[in-house]
């Protein structure tokens, strides 16, 4: 296995390579951007229509009151987690191979959270009254219901989003300073000058920077866990068969990290090509990420099994019925597909041969995410179709094109934000790559010295 | 805008207050508004109406002929909701869904707004003038009247107008009516509508009488049924057995529902008598002789009811006296319908129920206002007369024959042989479309009338129907007013003094106040009380009942099968739709049929076994074809029907009448064979034989019932106890 | 160093202030006046002439402009107030009832207009001034019964609490917010249940009491 | 007495460190060691020994922020729940602790993160004006040492810088 | 309500309901439905449409399962595979059970649905933002969402029919959840009248629309606190306890008919059903 990164790259070259990504990406970049815009405008169209005509256009009904919106909402929340995994957890573990790739992972976190936020909105029957659910002193002297898991969601997502934005920004300050110093004048230079807050890399700044970065990282890890366990409690706290499951929080968190890692692999491959980052986003790093993904995939598979087992051995007949319903009822094809994508497909990653085979990885990572999306859908929908009350069982209700349109559009929205970000801000952390190179060189030199001594 | 006869009813004026248009903004604007909405106040105050407070007026429900008394809630001059009037012995403050929908008949957007002559709007005096000219040119016998069952002073005016024209051709027609049973009752008891006392009976055996759903007076019978079921009643909890080929709502509530081979009701009745005789019940010799061939085995083989079951029935009837045996639509709708009814009457007599649970109805002191029930024979008779071209001019009121007449009668063609057809109508229905002159009627909540129900559960009573609010449409008129105007054309001297029907009615009622038990009171008080009560209880003797049901001449033709048309069509009368006159009321369309839970469409009930044989599954669009016609409708696999029969609800499949009725479902009347009961000549509703074919289309049946299909998945949701497992005596 | 501690303390102060305030936060509104827009009425009805005080001398506080008012009880015209959910606009006949006999003003334009309506037997299309949203159920009867009849508050005060000092108005104009929070400010006070017993109780806080 | 700013740029940390070490050892009149600032493209805490311990206090902000966030959270929520309109919900107490703990926890983190960042800006003196002498090289690959001293001390300082192969030495007369 | 106040009333805001709660003081509206009397005739359902401004959704939307009937009549068949349902069908009127500890209440993000002092499960239309969580968490699925803007739907209320709308009940616009309210507008009116006279509402003084229509008196409704009320007597006689999730009587008194649906979910419904009785001999 090769080195994660060449140790003889000069710091100047790092600067210039990364800065180049802000100037001249491959043509593919613009193609992606265009497609994203189209997809997003489709989503917008659907929402406008739904807003004016009513939720009915989503073809939801009683009892199927929730649909793809909630499922996709969970999906995006999940997606956001591995950003934190890479930047925070691995940071604490001093796994320095994360350094070239954590920046875009964090960006992914931020933007998928924004996307998730959109789904809360489009789900609401009366979007125009959204402000009712915000806690602020108002002339009605009313507060939202703090008992509702949905409100916890809102709170958690707000915390998580703001924190990750800050984390992303703080971590970027030294790089912004670099951009400020080394880009030719223009609106961007002004922007960077503003955002760099006059960073000069003095010892005082670095000292506090180190502590701050560490602290925020420490906060972010429990936060990330809490966020998805709260999303899980939307279901676990409810009383419905198939939702009222104790193991949901860890299960959701695992699923989140899983889909996140898969997404990172996908984006890794795209960025690597689009911005010519072969030097930094190297195959060995990719390999590490893939192995991480594989590990988490297995965790998820296990927790899945645990959940089924728990239901199976419980005395809750209704829950059992729902589970059987999933495996045999109208949703069976999707359910089995989820099992396949989520638990079988990742096995390919166990093979060294595939761990660095970019086309395979690309395909696999997409399949994994498909599986994870299906998982969310399979959590939400079947419970409605086969709940406690037999009279209202309803097995033939399917999402309308409007719902699909918005799901589709959300990917456009995400891609749009993400791609714009990567073009405007350095998606590889220059100063940390420098540190990485520096420390690795020191290390290997000392090794060499040690050898020489013998 | 207000008809002159209303200005004394100023409080009926509609106010803008909390007006619907405003209410509709519902969850709209969320903050205080200033000076956008208008508040209209009365010009003159009334002691009744205070804005924001509901006022209640008593009237009479006109949704069916049962004659329930209603109380309408009026606010700011708008009739909002109908409740039952507790003072009435018929519905005692209760109401059925059909009655609740009365407001939708009133506010219906498809109501006729002005008279139409050959499709063109005309002014009222012009319209009435046209009639005047026409009748002048005709002799009385050329003029015929087709009306629904009627009573009270509207009936009186009708009769008088016919006299004025010298016409004897009054055809009183109800597409759905117990007319055969009526005749049989007349024979057996000497009265057409004896009082039935379910509340006194220990057991009720009903041959297809859907008294909880759509038979005669459902609300009243439902209340009796509730009494009948009470465990803490002296007679103890009653037992209900329903015997019919297609499960009705009543069948669904029976302790035992017995599917019977269509048409064999009489045989079973005699079989039961036979069994009773065996069990040692003393049976008159003539009867014993008549039933001697009806040994359980034979009966069982003919009727498809097991010998054991027949035994059980006999045992039940023997132990539970008094009991009550009813003959309903399912029993009477055959060529030998009268026979069936007679046999059942005989069973009652043998059981000695006559006088115990079958009582004499009170007789109405004034025969001219007494109810005249409609029947189906009338239509056939009129049809014949029309066909022969003897009818020049035809008045139609309270009936929609073009829709309800079987195609095989060719009624529509014959109708057009009449040169001048006047139709009184609320909607532009199928018959109105054929009319030369259409006269738009006030709704029942706008109109004045009196009514004497045909079925009188207690003493006779005169129901008053009075306006609950001002007219919605200036162009409509009350039946009474129209008739009065027509009569003025003929007998000005006699009717000139009444400036409107209200005046006539008040005068007519007040003039007989003595007989109505208001002797002591002065006219105004009496009238005021009458209006506030909404009804007058008529004093007067109960009639007397004869028990002369005889076994003489009872014979039942063996059921002949028809290979080409293997199945029996049972057109079902549903509580929502009845004969289809209320089809344009959306609440009724959207309230699911109790048994199939289907909405907004008609359906074909097939027993799963039969369906399996024909390869039909739920949702298949099947064609039901008889000799005289065919319909297409969705199949619904229904366990509660005899395998040899299929059932289609009546009342759907209108081609006109309004947005909610038009094109919904298929019209089962159209395909009926014109077979009649031999004695009464009534159209035999259940005599039509049909065959069923798949069309290849399949749809998802739109119904309330979900995929669970009426299963409870092992949960205790709708629970049931066996009567011997429960102690009802101490219940509240 | 101590600059840093100062900032810490400052921050702490800020947080506690913010938290306690936010927790205490009730509607920003008190019973402070907030005038609604002027409303164009078919007849510019002078409340001050009818309900206003007879002459300034009687007026307890001089701020009340009471040039020759009639001191007519609100409920003389708004008869619904004590027995119905809505106070009601008096029927036209009521106006006429008095004004037939008052010849002094018979020829003034407003009264002439009034009689035009009367002769035409047309109801006057008054504009609603205090128009709550349709999902709000405000019951005049209960408030009047409780505060005027049970507790014995003077009519002007009881009505005026929501409708402002009508004595000083010509055409009535909304002078209170009538917002939910404003209702609450009064509902959560303890009011004596009647004049005699010292018992008090606050208004209902159940959503369905006022929302339908 | 006029002050001078001197910036020396080095190729690597070793040279910079030795230079700093010497400056520290040599007690130069008119030059206070606290006025020495090290500027580097990457974070390199080995220099701290030579620089001596300079305080970093962000963690105190963190502590305060987190605690206050938590408190605010709990009291805001419980207080709001117990307001005039308090209505029973699902048979749970009007102020149910488990949900409030969830939200308190979130607020705890929120406060922590925000105030930490605030603290960072305070402690690191950001945002700041650009200091008089700044070389873009520092954000590329060179290590800079910025000192403030009396004009008198300037030559000595420059001497020392030069001795340790400073690539470049800039000087500027400050106020 | 200030923090200090919170601390003062701590115990007040900490008790649970209905178990271990201070009982309802004046009113606890409840129902008892006798399935033996119920014939499944649908009168109650239509009466409910009339009283509560419920929209008629029309064929197509009904097909999508978007019907709004607050009160629905369910029809069950026996599940032994007999050829004929010769014991008839089972009918069950199902409407909001007004649970004492309603699962829908806790989850509403804006607190649009609450437990009122009278023991009702209130639904405040104008507060609802349409998250539909309440319906998702309702075991009986008796909450109905306005998927479309029914007031503007031609087939729901053409202009003439708008005049029939009950001014005491809000007409719900799109995006709002709605459900059976036990005809709260009638209850409020009755309570106001009673208060004017300084008394409590007497039994029979107020009826729900469904109860008033029901031709067989299958539905009885009233104040469970009032020992004189019919409902109270029925619950007592059937030994059904409001605050129990499993009735003691089920152990030994099997000859009592009273039961509540899905009781074990601990929602404590306010509607008691009386089992249907069928003659075993015939």
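We call the chains A, B, C, D and E, going by the order they appear; numbering starts again at 1 in every chain.
Throughout what follows, a residue touches a chain if its C-beta (ideal position, glycine included) is under 8 Å from a C-beta of that chain, and two chains touch if they have at least 3 such contacts.
What you see is a predicted model; the values in this text were computed from it and never measured.
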Joint neighbours of chain D and chain A, given as chain labels: C, E
Required steps from chain B to chain C (each step between touching chains, minimum): 1
Chain whose mean Cα position lies farthest from chain C: D
Most widely separated chain from chain A, with each centre as the mean of CA atoms: B
Chain whose Cα mean lies nearest the overall Cα mean: E
Comparison of C-D and B-E (more C-beta pairs in contact): B-E
Inter-chain centre distance, chain A versus chain E - centres from mean C-alpha coordinates, in Å: 43
Interchain centroid distance [CA atoms averaged], chain A/chain C, Å: 55
Intercentroid distance (Cα basis), chain B paired with chain A, Å: 66
Approximate Å spacing (C-alpha centroids) for the pair chain D, chain E: 63
Multi-chain contact sites of chain E, meaning residues that touch two or more partners: 1-3, 6, 67, 72, 74, 103, 106-108, 111, 114, 116, 122, 125-128, 170-171, 176, 262
Residues of chain A engaged with two or more neighbouring chains: 126, 141-143, 145, 147, 151, 388-389, 391-392, 394
Per-residue multi-chain contacts in chain D, two or more chains: 75-76, 78-81, 83-87, 89-90, 92, 123
Contact pairs between chains, per stated definition: A-B, A-C, A-D, A-E, B-C, B-E, C-D, C-E, D-E
Residue numbers on chain A that touch chain E, as the complex places them: 53-56, 59-66, 123-127, 129-130, 132-133, 142-145, 147-151, 154, 234, 237-240, 384, 387-389, 391-392, 394, 397
Chain C contact footprint on chain E (complex, rising order): 1-3, 6, 114, 116-118, 120, 122, 124-127, 168-171, 181, 184-185, 188, 192, 195-196
Complex contacts: residues of chain B adjacent to chain A: 27, 700, 705-708, 711-715, 717
Chain A residues touching chain D - in the complex, by the definition given at the top: 10-12, 15, 135, 141-143, 145-147, 151-152, 155-156, 158-159, 162-163, 166-167, 170, 173-174, 177-178, 180-182, 197-212, 215-216, 219-220, 222-223, 226, 230, 431-432, 434-435, 438
Contact footprint of chain B on chain A as seen in their complex: 126, 317, 321, 388-396
